[in-house]
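One chain, subunit A, links the two complexes that follow: it is found with subunit B in the first and with subunit C in the second.
This part shows the complex of A and B:
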């Protein structure tokens, strides 16, 4: 491609400029509208219960996000099974053995992070496509889940974690679940890591020649996603109180959809936590609205799909992105 | 080796090959503290590879590098080179487009997690660096993707300057800069050099070398030919050193074919721009003509060729003129309908289906001709291929063999046969002889000459000087995305051609 000067875009509409910078704005609009509709349809909207059922999807979306931002098609297919593994380990192994307290959180994050790191290391060492590596990991972890929990494992009713789906002294527990990944992400924003991550995702050749340790950044991105998946598993088991290996695959794809819906480019280098959470909120609220409107559940997946395409296309149109013409 | 005072960088007998291709054979370079050292050479002389070795992108196969008298095994990563005090601005303008100017300027300055200095300090230094370089610097929180090319390149330069390197390497870093910015950059370069650091400059502009370089090292075919002092070199001498003796295809091999009077105009470009803000150019191609496109890499000849194929997007019109009337060429589909064929540059990536057979590769674009009702006739395809195998002297085992079993030259012949099978009247070739052996090149020249004699009009981009001298009826030289010179075949010399690459036209006449 020859060097064609990009026109200065000083005169472009404000909305367009905003959207290009903040890809999540569309999901934000969608979330606000859907929330309003929800409140109208369902006057006694149970905030805590709704937030509790929203939290697992939200944290799963947060888990999918870092590797996607790191670019090169960094989709992590293993997020769903890792969540389930985390739930199984918590309910079936840690809690019965006296490790069911707060100390479980770092343990589960380490577990997920280790699996994510293995994904990342294989991706950079063997130079395989992330989707292949994480798909392999997806099946491996499902296998482990089936071995560890042939039948669903129940979480004891008096476990502290159940309050993550309820209230803690009047404070909504699910907000704490959401706060953990958000806080970690914010903390990373204080270090150089997040800047490095976006640079690598945006243009890895530039990042490499500028002296960024591109491979290390990618591995950390996968590990971070894995650690978030560890939290997501805990949050899910707190809600449903069982860890069931047969639901291993439930969250992988919907979490990726949430990330895309939140304006994160699957090409990498753009998007982030806000987008992931708002994308997840849009999906969650659509489902809730449709349930209130008594649309059969069977239609849900098709509607998610349509929504995703519409949102991505509308986002691209509004932000004035065009795909370059290629020979 | 004793440490010689004042020597910042010494590179001794460095070699580097990529597979069978030798990029740098035996290159040495010595850069002193307090000097701007220009590295000159024509396409394929190894300049960019040397830059990539010095900046840690490639590891050399052999030779050694001493930095301030200390042996550096080789930089294993760009990060290592940067830590040793070598910062490079690369030829391709490298930026993370959806990050801000500020982020781009400090790209790579941190560890994985550790931040080297505070944001306030950084903003101040970033602003200062940009203000030094640009008359109207962009705001630090603008996205780099929104800047024009000159400002984007300025950001890449500012990033290198902010590292305050001992050795600054500018690899065609000035090509996209506007005039003011370039002057300001040279001002900065002079100041840095006066303060005792070193600068390696690669540029396609002889006037820039004249303006700032203290010494010049000339490379040819991956070898250092000479290092000249600023006081003593002349443009003519540098051009002579860059071109050297006619190698590869000696003069004795030169078969000066009978030049015919060209036929009617078949393709016209008017007001065509290669880049939106470059000067427009007009071009006419006649039947039976072979026109060469020359210049250093990336000077717009590639974009010009693609524009003739209907992929221009920077203004101007391309029109096909034929007995069928005038047809505008605004897409590759229009080009195909108007019997314009294009052979891309990257054989592996853009033209062959490397898992398919020779026959399948050949018929891929002209399957229609083998149709018998709803079916394809294998016999018809085979017959067509056999025809071209003879004409192009393609050496193959069986047509069903994978195309990967052929040598590069024969693969290229199959690709050209595929283009010819569509019976084009205009053939656009993008460096078709790159990386193929001399015998295959000769066959190709003979073929093109034969086709031209039959009335085919050919435009061929080539990075080989010899081809321009020998084959072309006319040579168009590109520089800075503009048409810099047009040479007729008669009296064209290597020196004139190379001089025009570097903007030293005074030697070209």
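This part shows the complex of A and C:
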């Protein structure tokens, strides 16, 4: 999915060149192996139930991806809290007021997109580092969540959204949740935006001299991530049926880990949706294996931390960033 | 970077003030005094000796938890492992030392090399492979917390030794002085860091690495070694801050460290230290004092923890808008 073809370097091993060109291959291999392990451990692997618990992480990873691709360390820390905000608004405010139908989806996407756009606008107007801006937004949105939902909010069991975690007329609901961001990303592939996004992420000064509206591309990338986070919140609340402000930070770290594992360079300009989804799948399947092996919960932070470290280091090794000098 | 005083400098006095602000956190000190006066006027008993000492103890905890953050931001990084290492340190000296029966100092002997190794690893990996320290520190914080918490199980029951709680109890004294030891420790650490950063070769290497890593390499500064030491030191400081927090609260809670992640970032940024410098630890001290004073006054007027989160976020943005702006794209072409 990498838009910029990696140049051939003399004497470079073929495997590394392949991985540099297709960063998602590592995550693809991991996913296949882990899926096989899971199927062996759990002969009655419930596909729909598993996909339903996978969907929130996958959409969250998709939400973290566009801003990271846009470069300059464009990691959006506010994705997790925005997801929770979206869930709270849906379960606690839209559904009780007769807006709990399909119309909630565009409303939540607009909400998330607006927060993302504010992030992007602050980044370009005040010329601040995206990490600082989104971290500030992370605190602000967590505060808003705590105000809106001091206690967890329940979603009515008969709400249509719960079928996103089940099946819709025999068709697995989670696939629909996954299809929305994938389809949007594919549609954007028909426009110049996506190519411009990779150009900006690769080198914004070069993109600027080539006449690309760098600032606009960056704002749209953040807004797109926010809109995806809005969907992710809906998908999560469809699965767990409560929106809890105390879980605001649950998905931030793990979604970024998924994107990194999927071969998207955190420096920007490479990677994409395939990698993000496969990275999320790898992490989800590892969780599933750990649960099968009955690893105690208190060990999980250590395992996630170690996985994330290994993922980014392996990613950096494979992508051939070998120079030690920081320019 | 001259946006410090808002409008473009017109008169001599205004320009002098703006220049002073760049060298010294003048505005922050004025706000600190204003917040204190507002507190004294609107909250009964706020100006009393014990109340002031309590504010200072809380500020000292925030300040000590921000040391590592200051150093890593000065070398051009970030440290989001603060919360993880705080809880890891706090658990080690209470619960784990009880379970293993090794006593406080036995646990302490595990804590120091453990934090140094894990932190140093972050510095090495992030420099060697050019990985955002943000990701690695987040991951390492989670890892440190997990390896301490994993063996000890879900229930968190550790208690601090009684002598430890004396360190930060507002009514305790230090060698006859009417302030708790933690404040004296904070003052000594502040002086030591100010001297280190300003007057030693190590301190200058640190600034050089942050300001321009390529130039630093040409000046024969081993920037990788600087990064390793900075992140190792930062992890150690966070773990020790965890010990101090145990001494303050008496017991351990797995969420003990969470507020200190954003407090440390806010204190550094509000003090006016920016990524890769300029800045120093005394600015962070002023930032920690200002944030603690403002929060205490506002909590006295009914500020909730949700409002507090929003306030910290807004304050970080505001302070960064004053200090930490980047160059325009058209100036980088």
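We take it that the second predicted complex is superposed on the first by the 302 of 327 C-alpha atoms of A that agree within 3 Å, B and C clash if a C-alpha of one lies under 4 Å from a C-alpha of the other, contacts with A are read in each partner's own complex, and residues count from 1 in each chain.
Keep this in mind: contacts are C-beta pairs under 8 Å (C-beta built on N, C-alpha and C of every residue); 3 or more make two chains touch, one makes a residue touch a chain.
Everything numeric in this text was worked out from a predicted model, so none of it was measured.
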Touched subunit A residues, subunit B compared with subunit C: C
In the superposed arrangement, which partner chain does A:300 touch: subunit B (first), subunit C (second), both, or neither? second
Let me test your reading of the model: by the given contact rule, A:205 touches which partner, first (subunit B), second (subunit C), both or neither? both
Which of the two partners, first being subunit B and second being subunit C, lies in contact with A:220: first, second, both, or neither? first
After lining up the shared chain so the two structures overlap, which partner does A:127 touch, if you call subunit B first and subunit C second: first, second, both or neither? second
Counting only touches as set out at the top, which of subunit B and subunit C does A:253 meet: first, second, both, neither? second
Same subunit A residues contacting subunit B and subunit C, which ones? 205, 208-209, 325, 327
Can you list the residues on subunit A that touch subunit C in the complex? 73, 75, 122, 126-129, 131-133, 135-140, 142-147, 204-205, 208-209, 214-215, 253, 256-257, 260, 266-267, 296-306, 308-309, 312-313, 316-317, 321, 323-327
Mind listing the subunit A positions that touch subunit B in their complex? 2-9, 20-21, 188, 191-193, 195-196, 198-199, 202-203, 205-213, 216-217, 220, 269-270, 325, 327
Where on subunit B is subunit A touching in the complex? 55, 57, 77-79, 81-83, 88, 90, 93-99, 103, 106-116, 143, 145-150, 152, 159, 176, 274-277, 298, 300, 302-303, 306, 309, 311, 313-314, 332, 344, 350, 481
Residues of subunit C defined as touching subunit A within the complex: 76, 78, 84, 125, 127-132, 134-136, 138-147, 149-150, 152-154, 213-214, 217, 223-224, 262, 265, 269, 275, 304-314, 316-317, 320-321, 324-330, 332-333
